[in-house]
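Going in written order, the chains are labelled A, B, C, D and E, and every chain counts its residues from 1.
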């Protein structure tokens, strides 16, 4: 599937369709679900709409998840698995990310369904936007061309711009959307400009071709350096790494809670998929340059994120800063690269999915009609109001802080191991020292959760529905820590397709 | 017998979870049963331990994370077997010492058992990652116990200070752990394998620092001790027994198990092996000096603990059999004495409502038996020959003397200061400050030590005598410890 | 009975007694206490007698105490003539004193009574362990054990602040000695890789070395602390806060002489380490003189006796320091007799006079307490070294051997000893005339003090007999028997038994001067022919110096006690809080303040975010370019 | 006729592509400056459109220089994206505007810290 | 001729760009942007991109900018006041940063080494035919993605432009039955204390 120049354009052969559709099957599944959802939203009677769309979304995401798992297990992801003239792939790296996003989508739909009902929002639109964002993420995960990368990125972003402003009664939500929109558009322009320059330098948008062309001729072209710089800046923005992080706390805080939860995990994971594909695969021969850039970004993120988190009093905002710090940790794995580094990143992203989403999900149970109730004072005595939630929140916080034997610890262990092996010990040392700071604020959350209450306060009703979800994430946080090897093996298999091509 | 080591950490871990779920009236019995079962298990291990066999016994080995060669590798040798027993014993005492009226008793006991599990794991683990898992695993219950059940104005501060301080160390150790994996060339976390693949001295210099910082904070070694007074003062007594009695030993244990075998030649800009013994000696003197200045009796004991831990570290860094075996003895001794002291302090506080030395006096006539027990424990604590602490101090100093006589002499100053602060404490509490002409009337009110408390102290006191008169019981399990280290020690000058 | 069994039995008996008395929580019936307390000591005495008469010697190992690398310490007991000799003194004199205490402590409550005998038994146990121990480690254990019992017994009247403080002082000073012993043990082990006596003395060799000297000095530190020699003597006078039988047993007859035993025990070492050996003699001589001068002005009868004890032990040190081990041991024995006698007789007086110890409030005792007075006189004459009492023979053998050693050291210590002897007779005389013979003082606490009970009188009487005739054991100064030195010969070697005419003359001179001094005291203190007050006024500086015991206590208090307190508090105030803890807190607050500073940048203003974004891009650009240029070259 | 790699032939004239690139850069930077200094969120959005246009020029110029159609196709995609972004962006701004008249983006600073 | 066109429209584009940045009234900004777009369209033509030219003029400059105009009209006349930056310091900082960034871009781009062009027939380059074939063969996947993108944008825009107050009232959920939590409270007596 060599790239086609302007002169010789082969006709698309229908026989390829099955293969191509198969390669992006999870995306297709979610897209179909999205379409059904939109239609159902239009036709179903009003009181049923929300639940119906939620059900459809869950089902569709489950199908997507199943498809991805099936394809992975069938071994169809082991090769390059390119589709659509090399614009997409169904390789194991993509499949793993699709699994992650499908899972994230399911969790989000469940949590959001309960949340919007308590807050009195329209429901079906939120699910539709979630689905759209999931599509964008999956596209990013499976993109092998700069064009698809950009389109995935924009699909994801546009869906989230709207989702952030979903609470239209709330000035904070609006502010969040506006800020995200403007700064996101600004960053998109940078990414796009970088892509254009890389295209100019290599004559292709396809990552595999770019990689091989760079290796043969113009590795040091100023165009490529500029491309790395501009894309790197944009990518760093997307993973909310400092100093391109400043939107994160404001947007996270203003957005409705399930959106924040979804975004905190999903955007980050999708952006890392993108970084690894573009930098770790397409521009692998410019390693030193982008590694220097990302190392700077990683160090700044870990320091700034962790330091600023300690003065926060809103859980959402705190988790936003913690997310900045975590982006720094994960970047260590990206910088380290190789199978170890990429596997560690994949592992950590899954870990982050469960622990960070879980934390948000616990907080989401507190939401009432008038607000998200995400302030520390709202958490006061949570553990006595509901021991279940208290214990789960403790687990998530400990895992985020990197305490063994929870999954967060092993994630860090693998990332740091990759980093040290790649010679970035200084970065790892910064990471661990910053982690010490992080423990301070995670424990501050726990202090509030476990501070005895002067009087019993009941929890808002109607959170039964998501208790199962919470238990599930909690179980994963523990189980994937104690039995870390299988997930890590997934990570290694995901790294496999990126190592061979382009060299 | 295979599997018994897993059982040793699993039993309290599972028991802890169970206790946390049980209703209040059942939880105490359950916890006692678990702790007692644990003690029996460890005693079985100690009993069937083959002292003629060098190397690890009861080994359990399985792959854990094969991609990074992380193994689930457990085993005990003479170094760890008695520490396991100590852990189980002190845990049992601590569980028994937990008053039934404790708030949220189920959670308290559950966390205590979890902490016991963590410490048991630390003493068993032979894989660096596994070790680290247990190492941090014991920290979390400790944090909650210290914070939620702590005494004083701001237990949260003490708890947080303790956790952050120790974490700063142990996270750096994590880098060290990874460094061992990456730089030793062995690409494994297995301690025994790593000991056979030592990286160059320059790398050891760095790795040593990373490991040492974790251990010196945990022990703690001067000047990394400032979390200790806060934490000990805030700690609730049953927790404090384990906290002071066992947890500090994990740091010293790790020095012997990991720090020295893996990085015996940490030479870069300077030689770390020469730095630590000096800090140890400074700690001996510093702890003793500050113990003199305290008004709070708990603080006196806390600072005395710093002084005592200095002997342990000094012995370890003497690089010879006497020093290191003495250090092991001293770990056990301190693990017996300090819980006893804190039990007594708690008993006094419970009866008088204060811990202020300036206020307390004349207790001996009111509680003669407690005075007697306190005296024995005091004597043990100040290193009276014939009681257990003397053995450890003698051996560590003997080791240190061979390493560098000046260090031993300086350390011996601690021996002189110990009676000063311990006797001031004891006499100040027990005796009068005035000079009446006649003996005080015996107090008839039942203020003396309770039968239950005495039962808790009795085994500890018995051990003080036993280990003082027959320390070979312990050291016969350690014939190899410290042998062949002289080469390293002689570098120091 | 084998030696192995006998040796351990000697230890087990008092141990059982102590455990029994202590284990009853001091609640046993008084009769039981009375039987067991002294009983176990007498039983031990019987066993020792068996050892003595059967002539059993040997080195008996019981169990391995520790083995660590090359360091192997058994629990072994070393039974030879020296240890049997000491055991005889300890259990014999000890038995008498413990029996005496049955009466003396009679007015205590049941609890205190049992406690007292428990402590006494523990002391006897420790002391026996000290002398029987077959290696340095167990020597140290016994050494510390007697320190502990001494501490307990000095502080026996725990409601008295002074007693408590005195006990602590004694303990801490003894620990300094212990540390010296421990370090000595280190030196010996590291040099010779031996820790048992038998192994060690076999390995010593015949040539001196710095290690030997160092070990000798360090051992001497232990001996000095325990035997209250300069400069670690200040605890002994304070130790008189304890009950009088304690003073008799521990602070006169047995424990304080442990230093002498130590030097004798390590005679193979000191015979080689000449420097350390000489310092033993010098310390002894100086201490003897020092204590005798202080004793001149003390008014508390027990303190006078305490300083005299220190002085007499100085003699013993002097003796063993010049190599006259058996003379030293003989003086130890004789001192045990007469000093225990003096203490117990003084105890009778104190008991009768409502615990009054100030001699200025005594007087008229010769009239009221005839028996006690006679015994006290016997003790006094013995202490003063007047023939034919035991003190004369032992002191003369000490001085004689020092004189006849013929070295400069020998002559100089003899000279000091000679002066001390005269002073001794003088202050002894002062006690006698001033406290006993003088008419009753106006403020004497008891109008009609009555004589002590038989249980207190009988042991005193026995000791009086021993003090009178004990000299017969070793009258070598007059060319008679030398049983003691014969007995000890296997351990400490041959003693000089020949007596030259010059030596005889010197001895006679000493004796005459002593008698003169004793009588001179009468002029001062009884007849008032020469007023003591006059001298006091004429030499105020000297008097003050002596009355303040050369200001040792004051200096120690200022330098060590208060110095340490200041150091402790200053360390906390100026180092621990601001620096060591402050650094930690500083890191915390630095993080917090930098966080609040950083959060100012998070102003909520979108355009500043964008600016930071672009600034970050510029930095990133610089980094990328830098990396690239470095790669290209 | 010889053509350097960076030149294109238009009619019978030769043009340097660099000129197009530099023009695009200038427009991009102008757009960035606009986003930085303007306060009206709507104008900021317009400036972002300007930046995207600059990129389009780059893409098309490279397509011509490389004789490779992909650049033009990419540019078309970009236009679509820009349009979608504009639609959503305007919707968000209008939504805000309904609640309060925001003519200064600095008023959107309730979330901070 | 071609270079004259390039310079002329290049200049117009720059002028429009300046207008976008500098005019204080949004309406003028929009119109300036239209100027830029049209100028660029001409340049596209110069670069043999006929189809892109058409789309730029019709869709972009036409439809999208009309949308902007509507919104500007909706918002009414707004005039920005005061200087752009509140403090001189931050203004200077902004200037420095932008200058540095621009300088960086400029210096890199003025020394570009170009890749040699692909071989191929130039006669079809940029025609509707070529573009059409490209879009429906190689660019099929991206093309479909744009459709999803537009759908999402539509859904989002529709949601945001609904009348506020359409939302349902929050469900009145029943008070939870006695749960484990309550029992815990009773058992530990935290509520009481």
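The rule we apply is simple: a contact is a pair of C-beta atoms (placed from the backbone, for glycine too) under 8 Å apart; a residue touches a chain by one contact, two chains touch by 3 or more.
This is a predicted model, so every value here is computed, not measured.
With steps allowed only between chains in touch, the distance from subunit A over to subunit C comes to 1.
For this structure, the chains sharing the highest number of C-beta contacts are D-E. The mean-CA centres of subunit B and subunit C are about 36 angstrom from one another, to the nearest whole unit. In terms of their C-alpha centroids, the spacing between subunit A and subunit E amounts to 23 Å. One simple way to say how far apart two chains are is to compare their mean CA positions; for subunit D and subunit E this gives 7 Å.
A separation of 66 Å divides the Cα centre of subunit B from that of subunit D.
Among the residues of subunit D, those in touch with two or more other chains are 21, 28, 31-32, 35-37, 39, 45, 61, 65-70, 73, 77, 81, 84-85, 88, 91-93, 95, 105-106, 108-113. Counting partner chains per residue, subunit A has residues 3, 5-6, 147, 151, 154, 158, 161-162, 165, 168, 178-179, 182, 186, 200, 203, 225, 249-250, 311, 440 touching two or more of them.
Contact of a single residue of subunit B with at least two other chains is seen at positions 164. Taken in their complex, subunit C has these residues touching subunit A: 591-592, 594-596, 598-599, 601-602, 604, 606, 608-610, 612-613, 615-617, 619-621, 623-628, 631-632.
For subunit D in complex with subunit E, the residues that touch the partner chain are 4-6, 8, 10-11, 13, 15, 17-23, 25-34, 36-40, 42-43, 45-47, 49-50, 53, 56-57, 60-61, 63-70, 72-73, 75-77, 79-88, 90-95, 97-98, 101, 103-104, 106.
Residues of subunit D that touch subunit A in their complex: 21, 28, 31-32, 35, 41, 44-45, 48, 51-52, 54-55, 58-59, 61-62, 65-71, 73-74, 77-78, 81, 84-85, 88-89, 91-93, 95-96, 99-100, 102, 105, 108-113.
Per the touch definition, subunit C reaches subunit B in the complex via residues 22, 25-26, 63-71, 75, 108-109, 111-112, 137, 140-141, 143-145, 148, 155, 157-162, 164-165, 167-168, 171-172, 175-176, 178-179, 182-183, 185-187, 189-190, 564-565, 567-569, 571-572, 576, 579-581, 583-584, 588. Contact residues on subunit E toward subunit D in their complex (touch as defined above): 1-3, 6, 10, 13-14, 17-18, 20-21, 26, 29-30, 33, 36-37, 40, 43-44, 46-49, 51-52, 55-56, 59-60, 63-64, 67-68, 71-72, 74-75, 78, 80, 84-86, 94, 98, 101-102, 105-106, 109-110, 112-120, 122, 125-126, 130-131, 134-135, 138-139, 142-143, 146, 149-150, 152-154, 156-157, 160-161, 164.
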